[in-house]
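First up is the structure itself, then whatever we jot down about it.
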């Protein structure tokens, strides 16, 4: 896999013009207001597991439209006081998976909340339990990228971003969580959602966005060689006169536009040979990010990015910002 | 592309055990009864086109749940009396496309009705205009194969098969159509739907099923190397304990089970090197088919099957059965 | 399939230096004079078909060297007076196929003449019936690109371009055709031939060149990732000292050089992610085109280009220019 | 990815003839005796980590030839008495990785010891810290499969299997570990090593072998389509007269021959569409296994096998056998 | 590359029914008689080269239709008396290449004659200088497999096989060659031609056929995954009704039918994982071969077969039979 | 295979900054001094072969660390006086192969010495007989690129480059060789070693470096799409913090740094569409080369470069410089 995006030395300087439509802020204010009409308390059910050092709960909360969204809460069995919390969002196609896939932050002393992404959760690396009531009664195989893509209000990711913001609110209602120390995190789709939730949910303490997806769609659709951006390219390939309308819708959920509205400290990463979320698109979002920030380029990596090296780096970043 | 399914000489003898559940007939009787509560008259709107020898109408009818389904009606401008009609169903991912893609039967003197497949219609070879109201507000990119696949009543193809049966009923309400001479036809997904509609809609005059999809799922999912059967394999790959439940659902829409209930004369084809709808799965359906039948193996072909050679063969078959 | 040619915004500005040798015009004048010594009348045999709205004839005419070339003539059964005519040239490897593949222009009121490309006609999407007497007794599988490529006078495409020009002349001899309203059209190889015939045949009324092949060989051979340009690259890869001689021959049949001599109104298209006829090579020809012109970029498309969207656009263009 | 090995229903019946040479048992007795001359005590150094529920130690022990081999020991910070222990072996190319990749068994109350595989440890999913002193001063990129493959005594896996047996001995010397409750576990290469160590190390309490590699080399080299078995095929492809000698060496480290000597209870898995460790080779080892055993076929899975579903199943199996 | 043809142990037993038409012998007798009307003397021109131990001549002889065919003659500069001679035929797409590619037999004391294959000779591994006068004025890129394939008398390989037979006759006219000790040899296409020439040219002393092509077309076209057999599959894929006619033509040049008429001692080889000339097709010819014979299976090899190991084996075979 | 490196017209101008560390010259002086402590005389054993015009000897000499390295010496049986000598180094993965693969220079009057590359020699195109005593007891399958790559003194290629320099010294001790007329040559890895040996061994008469590997590692690892440079990329992909250390080691064996110290006349080549040793990296070395030089770009070639055309060119170059 050779480099197929910009040369490494040009990446730090890559910037993209913002694409937010005039009503971007109104759109999200209204969307979140509607969602906030539903009770934001998490419903927490103890969940049996073979884990002995950690405790698991099956969490439900009201997402977009008041639709029930599932999450795993994993936290140290031994604890005192309220914990800082990391709300994590999965990658494209996956769901919250098993609690056994959510050990790393909890084993380091955090309350870890892993949100399901509605409709998704059908991936050999992780399944989910949350359907999208505006779609199918169970999670299913992609594609999701172009559902409702001709209309910002009906677009699939409007619902998912709203869920992500609501997950932060729900996390704050948990007994075990210190509401002032809630971070959002994710890789790929999860990274894009972390930027969105970090910008839209007030008072997020830190944002972790590894190889973020949903970022600078215009370029991404042109240069990505694999992965879900191709669904958009395929849509435009079929509906040959709809591209402008498609990109207009996408601008409402483009991390580029959330980044410029963000204030929380953020840790980004990009991978130099990533065909799924090309590094230039990650840098575009990073360079647009308005809060305190850092970036790590995993120069020779594909979409796996930093892997466990990134986890270690993210834990240090959290320690710095969540105490 | 070498042969990857059975040797050619074994294909004619390949048979599969039927998989229909005990309530198969009740399931469809009840499903179609529910659909029949909606008015089956087609709404026909003249549609301007550059065609001079043919006339086009934009047709709408009430499909599953009474949901509006679109179709193109194309028919000879010069005609006398009611015409025999061919109801055609598109391949996976495509929609009714443009009327300019529906010329061949109409130019031969048939009323050609091309049904949209709800939700689909996002393919560079043909778009559609019919959303699935239980899903997205507009057609979008696949996948569709695993929507609701854990529950026969919520499964996506229950709706699509119902639409196909309703399309036959709608065709019979058209002024231009002789209700006693309605055939169903299609290739790939369209072929599977033709078998289904031919079995479920009473009095269908002829069935054309080229390289049919939705056929003998159990083997198909094991041997298909490309195409939409892989969505099912991927689903089972993720939801590792759900395979039996998945195949139980699929048995309600497997052409294998419609075939054994069919009576209309049918023309089948299979392609010897087809990685999408492997020939053994087509022969399994053919061998199960209970009506008068013929089969053509396009020995060296991939999923394109007979192409225009098949069109010529199908026109001869129609002439024989629709007069 | 990501973009592999120039960024979309650079395409409109891409220009190539002309490559026509000094004797280019003499070469073609002499070539066409020789061909014109043969009778240009089309031999028209009625051809039985299942079509009822259209009439088919099996046409033969004398092409390069007086060699017999076949074509289908398809035209509305109901007609009055002479019709405007569209002479269409197939894509690489294909032939005139079945008349059932030649319905769209005829169904819109044109006489549609589909020329065989000598020697080709062995493609699962369309066969042909015209051998190249300087080659094999029947159509066969490619390659054709490097036959005689060391000598402009013996080069295969000298014969094919001549056939294309002769097809226009033959069309004009048809009773059903208005000789003042003959257009040439094609996609890929057919698009390149349309540019050539449009420039060489006097009085062509309109030219349609979708994703044209045979265009700006020098760059095409360097950047095409799939398709017949690779045959030339492979030839030069083997005959390592022959590249200059090869490109010298190709310059006689490069659409780039026909374009700068053209006067007929032309409709071009290019596809932004086309690995077969890379969009920069199409723009090079378009920008060199000396007549009235329009261009459509199908930004997200591969070599299928506009598909039926292009057909609709082409019909509008023809209506404008052929009345 | 269609099925490329035996049909699912034939797998349970697939058996292979044993290939152990006459001196197999002597070979290993002598090999392990030599290794046992080195002190088997583990050297345990506390290791700082961000983990709060778990404790990490950097462990070293004397492997084959007395060479130092590294491992991570991860265990619950809160514990009382000696713990049952799981010795885990990595997949091909990987090393012990970060302790953050070794949380699942420790979080369930086990002492988890993850052994480095000498020389390997250069994989984007996990690095290692143990060179092979008979090779390079640091871990490096594969291949390892054919190092010394012409001589059983010099063959690379003789050293690695010995390390694995020594890891069990070392685990028993740990203060925190109950020496009567030591299990071995792994996936792919790790699974093959678990079968070997389970057979060679006396008193192993349980064996977990997911999609085991190093299994039935003769068939594996013939049918594997990806992965490290191909290194052997490539070796034989080059050294055309050496195949018998190669397979003779491999018979000393083939899990097939360890399996028939095993007594510990074992949990196996295979994946129905696995191109790396084809399921028939896993079943061959399973069917040869002489101890109490169970098998799970992940029918639609590739080499990822059961993923987290397998972890859950393995934890239940351990609970049953290690208490 | 896993095995895709029969398991190794089944290969020795694989036999195919002969396919020779009734007039097979007459066809070739007549064909060779016609060719024999042309003078069979080789025209030998000294050729300058940097070689000092060997001498090169540029040879021409009259092939099929009396058409001039080129060959290189390479022989030891130091020699006494007439030499045994090896006539070698190139692989598909290649030509006689440079004399520098024809050193191995000559350096071992043989007169080596390397024949051009008419029309071919456009491959990065070797070019040629002999056009096919019934085709193009210069060698060009394939395909050649389907030229004239509907008519045995016009089929391309009728000419090439005739050339191969004539090359043997021409070799016998060389001053340097002992006409009683002429062997034919080749790999892939060259191997198929060696079998043909060995059967048709009287008195050939030995035949070497490595991984022979042109062998058992019926199965080859069904199972080959790469290479020139695919041209035939593609032809049949396009001309869907012509397959029987195609295979009827191919039966005249199938090595299967030459093999059963052969008497010269022959050395065959096949490669167990060869996707171009699948081993079962080589064994079919070997098992049909009527003369003394040996076979070597290169079990783990792809189409390269034995490589230089085969050269060594072939030299030993020649020493045995040519003295 | 389209062009994936710089446009052809930019290649001649591509230059890279030198990367030699400050102690580069000391490093090699010391390395070679250590090696020179071992006797440099070649041990020459006659070797039976079927060759009659040439004579073969099995040569051994003391390479790095005094380790025995094998080579074939092939030379004309008829000779008078000492011959000019070509020392040839194989490509990556291969060894000295059979003497039958070493005919071309010997047949032109040179003593040809083909060195084994320690450890390698396991390739279907050529095997070897020389293990690397710091590694495995026999040649084995790659990878070799990252063995010891964290330490210049332990790096694998330090040993191989030393062997190459020692091969020149050994060649000069041969009775048959004129020590003042020794050239070094190779393609790919062999080309990189030729540049290295040409710079480090005093008095080399000529250097032939076709499509050289080991050249400008920094860019090569970024743009190569196939071949052994990828092993380095994969190493850095795993050991994410080690890239600078890796490239520091590589700078000691980068042909870029040898080139700027060279004085012998050199013939280079590059291939315009080479994904293994991208042409820009070859030009970087060529442009850095300090001696008299020539370059040939095989514009349309992949990694095979000039093939036999290059051999012819190289023979002319040798004739010019070795007389």
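All chains are identified by letter, namely A, B, C, D, E and F, in their written order; residue positions are counted from 1 within each chain.
Definition applied: a residue touches a chain if its C-beta (ideal position, glycine included) is under 8 Å from a C-beta of that chain, and two chains touch if they have at least 3 such contacts.
What you are looking at is a predicted structure, and each value in this text was computed from that prediction instead of being measured.
Asks: Supply the minimal count of touching-chain steps required to go from chain D to chain E.
Replies: Each step joins two touching chains, and the minimum needed here is 1.
Asks: Find out how few touching-chain steps suffice to connect chain A with chain F.
Replies: Counted as steps through touching chains, the separation is 1.
Asks: Measuring between Cα centroids, which chain is at the maximum distance from chain B?
Replies: Ranked by distance of C-alpha centres from chain B, the top chain is F.
Asks: Could you work out which chain's C-alpha centre is the most distant one from the centre of chain C?
Replies: Max centre-to-centre separation from chain C belongs to D.
Asks: When the Cα trace of chain A is superposed on that of chain E, what is the rotation angle, expressed as a multiple of 5 degrees?
Replies: It works out to 180 degrees.
Asks: Looking at D-E, E-F or B-C, which pair matches A-C on over half of its contact pairs by residue number?
Replies: From the options D-E, E-F or B-C, the copy of A-C is D-E.
Asks: In whole angstrom, what separates the CA-based centres of chain B and chain F?
Replies: About 62 Å, centre to centre.
Asks: What whole-Å value do you get for the distance between chain D and chain F if each is reduced to the mean of its CA atoms?
Replies: Here chain D and chain F have centroids separated by 39 Å.
Asks: Counting in whole Å, what is the centre-to-centre distance of chain B and chain D, each centre being its mean C-alpha position?
Replies: 50
Asks: At which residue positions does chain B touch at least two other chains?
Replies: Residues 124, 126, 234, 237, 301-302, 307, 309 of chain B touch two or more partner chains.
Asks: Show me, using the given definition of touch, all chain pairs that touch one another.
Replies: Pairs of chains that touch one another: A-B, A-C, A-D, A-F, B-C, B-D, B-E, C-E, C-F, D-E, D-F, E-F.
Asks: Given the complex with chain D, which residues does chain E contribute to the contact?
Replies: Per the touch definition, chain E meets chain D at residues 1-3, 7-8, 273, 298-302, 306-307, 309.
Asks: Across the complex, what residues on chain C touch chain E?
Replies: 121-124, 126-127, 134-138, 140-143, 145-151, 154, 156, 231, 234-235, 237-239
Asks: State the interface residues of chain A toward chain D in the complex, per the touch definition above.
Replies: 50-54, 76-78, 97-98, 100-101, 103-104, 106-109, 124-126, 301-302, 304, 307-309, 311-312, 315-316, 319
Asks: Residues of chain A touching chain C in their complex?
Replies: Against chain C, the touching part of chain A is residues 4, 221-225, 230, 233-234, 236-237, 240-241, 243, 275.
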